[in-house]
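Letters A, B, C and D mark the chains in the order given here, with residues in each chain numbered from 1 onward.
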Amino acid sequence: MTDAAFSRNEMMIVAAARELAGQRVCFVGVGLPNIAVNLAKRTIAPDMELVYEAGVFGARPARLPLSIGDPTIVTGATSVVSMYELFSLYLQGGLIDVGFLGAAQIDRFGNINTTVIGDYGAPAPRLPGSGGACEIAITARQVFVIMRQSKRSFVERIDFRTSPGNLGGAEQAERIRREGGWLGRGPSVVVTDLGIWHFDETGEMRLDSLHPGATLGDVRASGGWEPKVAPEIGTTAAPTDLELRLIREELDPGGAYTR
Amino acid sequence: MPVSDTKVASMRDAVTEFVRDGDTVAIEGFTHLISFAAGHEIIRQGRRDLTLARMTPDLIYDQMVAAGVARKLVFSWLGNPGVGGLGGIRRRIEAAPSAVDGADGLLPRLEVEEYSHFGMVARYTAGAANLPFMPLRSYFEPDLPAANPRIREIESPYGDGKVYAVPPLKPDVTIVHAQRADRDGNTQVWGLLGCQKEAAFAADRVIVVVEELVDETVVRADPNRTIIPGLIVDAVVVEPFGAHPSYVQGAYDRDNRFYLEWEPITKDEDALQAWLREWVFELDGRAAYLEKLGPERLAALRPSGPAPSGAVDYGAYR
Amino acid sequence: MPVSDTKVASMRDAVTEFVRDGDTVAIEGFTHLISFAAGHEIIRQGRRDLTLARMTPDLIYDQMVAAGVARKLVFSWLGNPGVGGLGGIRRRIEAAPSAVDGADGLLPRLEVEEYSHFGMVARYTAGAANLPFMPLRSYFEPDLPAANPRIREIESPYGDGKVYAVPPLKPDVTIVHAQRADRDGNTQVWGLLGCQKEAAFAADRVIVVVEELVDETVVRADPNRTIIPGLIVDAVVVEPFGAHPSYVQGAYDRDNRFYLEWEPITKDEDALQAWLREWVFELDGRAAYLEKLGPERLAALRPSGPAPSGAVDYGAYR
Amino acid sequence: MTDAAFSRNEMMIVAAARELAGQRVCFVGVGLPNIAVNLAKRTIAPDMELVYEAGVFGARPARLPLSIGDPTIVTGATSVVSMYELFSLYLQGGLIDVGFLGAAQIDRFGNINTTVIGDYGAPAPRLPGSGGACEIAITARQVFVIMRQSKRSFVERIDFRTSPGNLGGAEQAERIRREGGWLGRGPSVVVTDLGIWHFDETGEMRLDSLHPGATLGDVRASGGWEPKVAPEIGTTAAPTDLELRLIREELDPGGAYTR
């Protein structure tokens, strides 16, 4: 399979889906996480339970929901409850293994901004805000992130800390999580259109795999800090025909996520 | 009981009587059951200085803000999910502080009060339960408590650390769309429940808009399905398809095409104002809106098939 | 999936595996759906030093306390509603402090921790939500906070006065009876819901006892009816009539005759111990209990007629 | 109709039911309130909504429930919710007009004990405790009480204040209610087997009506304090044939409440 056979966005979604292998309960964020999680459910993690903040546990979407409150996540689900119950019993109650988020800005320690670019009082532009992301970041056992990588999104300093990651580093983060009784252990994976990052023992993200066709030069040109790179960096396996077919024919035939 | 004694009203009369200038208004419903019909009527009646509360302002508050009904927005996620932004609101948030009163032809600036989703549902829950605050494990490190001083720390009285608190949200009026209610306003919903129950119990006045008015025996046959009792309902408005382009589980699908097509409109203030003229101001109510949409558009939104819940037996006990 | 992988178990195996000496056990259900079957199995297996939590101890905890399984009781209303008292428990509360270890043939003294109903449900709610406390407007002047120092004042962080707080209640094991569940433990209930959902989410382990095991398609046809997801369930026990003399909405009535006839038994320690021998210790399980009650007694408890809920349509969305 | 035609308990239940005329939403306590409220619903207050702490709003019991969690209060009800919701939304939320309670002990200011006789640590006997009574007393707009009157039940000092009434008198009670944000205005009626008491401006109960056959001497002999008596004391109208028939044939054919 050649690079021309798939787009960088398709590679990003496929790589993100694969990271979910072995996970049991996944809280699905709006946007890119939605398609990545639904791809995983159809491939590598068929028994994974999908939780939507709209109030759904055990969703079995028959189509890819455009929004995370679509009727297809309700019909055939295991349980549908009020949002207060969803947030208090499932999320704050500690039942979520992976919270899957998108981000507008991220720093090297996995702190996420989805609120504003610029000053909070005079934003340029104003972004959506937290939704459930700040709670997911604090209480899901692990946080996975999927986002496109650029000088604007991978930044030295985020403009607003919507969802805490490893704060100023692992040591500080672990102390604050312990003192505050957080259930989550913070971010563990960031999948971008260039590669796959995991967090090392210092709490900083480290590039472990480059997608086919992407180079370290691309990565350095798409971030605001000198990235940590694994000693033996891997190459992400290209999407399989099945994965591409599922994305193109079932999950995103209109190309809303992949164009 | 004479008809004049009942709560069943037209949308026009319900909004005239129960939505007032300066009110805090919550039109709730998470993706599901958003009462666009009520929002449009509020625009048509020219309400002003409203504080609009909603977890996700969605297109309806984008339209209401652009129409000038609002002074302030209380929310937790601002966007067109999976599509893009809400320009009508964003331009008024990004506006320079000098534009606070809309002088000099500038867009009037919108005040914002921002929470997370859990914070918003906890606020309604506190309001519904008449509590001075609700505790939650959130906000520990994010910047939101700095941006919104109404989010406060609270120490556990058991010496096991601090959590955060949010204050009650008690709308003057809450408007919810539902599958069905009886004439007294006993309301049943299935599918996503969002925070409508809490928002209704927290409110001073409640308007329920339904796809179908049913006999009370239908409600009483399944009392576990009731989310709002008539006791707290002031008006019942029958407005089929009143949630379009949002959806009603089992009745019609979300009109995703409408949400996708909103993106170029909302990015352009002139296009947005033109849309408001064409689809709200120049129409006299929901019937005209549905006629303009056309029966084919609506028919295409019907579910692809039935998915019946099955019935359970409560048993007679005499 | 091989049978050994499923959660479906006999009551004996479920209690053996998931109820341990010293545990805090909550068998919840407000009048409705009380798992007498589980309580009797705990007695038979001779568990000791349990802390028994229930809003209303009812006859089942009277029997369990009299059988000696408990060290402590956590509750909010102690009685046989509409009939009288619970002598098995009362005698151990009224016992002289010197009887603390049951020496000298005296009845062993039972430790108590007492709340109001709202306090108890708020405790389960805090436990289920992983909160350090729940606030409530109660206890302002009564003597209960003096009697139970776990009930504490808390100041609103908004400067508008004080309310009271109760601490979370997190049972080691919660046992609930329900109309139906699938093999994974996805559980549906209709009628009174009590505090079972909260008690289950608050617990470390959950045993669900059902009238009927159903296919998961039955549960998924009506997801709003699910109160407990299989995710938090450790064992599913199928035990029709397992709630007798309590009741199951739509399946059988409360056996009020049993509750009335309990009064002379519970007033007399010897009669109570004789009842335990005859109805618990000398039987090897629920089947023997039901056989001893007799089919006529059970048949008479069937509802006087059906009262179907009606079905709603969730719609297919492909 | 002669005195012999009805018992004192029947008169008490009938008088209590009649006090509910004009009330809209009544929270039904366990025991005697249950039969009084169900009689009112069948006679003087057919539109009154019955709320049961078990989680029921708008109950239409087809028979008299022995317990307040009986299946007959569920079938045909308007709404059935969890007990947390019932207590937080309906009661604490301020939707209850009348909370109807029983009592083991009451003092002149309407403070109620249903917890213990004697010392809390060594009770003799131990009583049921609060259940929802303490919340009802604090948040229902008015509290009605039904109880048999005796030296043991009408006492100078209650042994335990389970449910607050007018505390040490109206002035103190009003101040504490205001400061604490209580929704309730406290007790307004006590109906006993001898007569009907209302609370005067000092917050103390005053005998306004004697049941047929009962005397002031009976009342004085059945209480721990010198009772306030209305200047023009009335005589309670005897039960009607309909009321008696409803009690005897429909509500309590076994005589559980009236024997």
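Everything that follows uses one rule, which is that contacts are C-beta pairs under 8 Å (C-beta built on N, C-alpha and C of every residue); 3 or more make two chains touch, one makes a residue touch a chain.
This one's a predicted model, so the numbers in the text were calculated from it and none came from an experiment.
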Show me the overlap between the contact partners of chain C and those of chain D.
B
Selected pair, greater C-beta contact count between A-B and B-D:
A-B
The distance between the C-alpha centres of chain A and chain C, rounded to whole Å, is 41
With chain centres defined as C-alpha means, what is the inter-centre distance between chain A and chain B in Å?
28
Shared-interface residues of chain B (touching two or more other chains) are 130-132, 136-137, 160-161, 191, 193, 197, 221, 224, 249, 253, 303, 307, 314-318
Multi-chain contacts in chain D: which residues touch at least two other chains?
56, 70-71, 74-76, 80, 88, 92, 181, 183
Topology of the chain contact graph, where touching chains are joined (line, ring, star, complete, other):
other
Which pairs of chains touch each other in this structure?
A-B, A-C, B-C, B-D, C-D
For a test of understanding, state which residues of chain C touch chain B in their complex under the given definition.
130-137, 152-154, 156-158, 160-161, 163, 165, 167, 179, 188, 190-191, 193, 218, 221-222, 224-225, 249-251, 253, 303-318
Chain D partner contacts - residues on chain C that touch it in the complex:
30-32, 55-56, 75-79, 81-83, 85, 90, 93-94, 96-97, 114-118, 121-122, 124-125, 136-144, 147, 160-162, 191-195, 197-198, 247, 249, 253-254, 256, 259-260, 303, 307
Footprint of chain A on chain C - complex, ascending
128-132, 186, 197, 201, 216, 219-221, 223-224, 226, 229-232, 314-318
Within their complex, state which residues of chain A touch chain C.
25, 49, 56-58, 60, 62-63, 70-72, 74-80, 88-89, 92-95, 181, 183
If we count contacts the way the header does, which residues on chain D are in touch with chain C in the complex?
30-31, 34, 53-56, 66-71, 74-76, 80-84, 87-88, 91-92, 115, 120-135, 138-139, 160-164, 167, 176, 179-183, 256
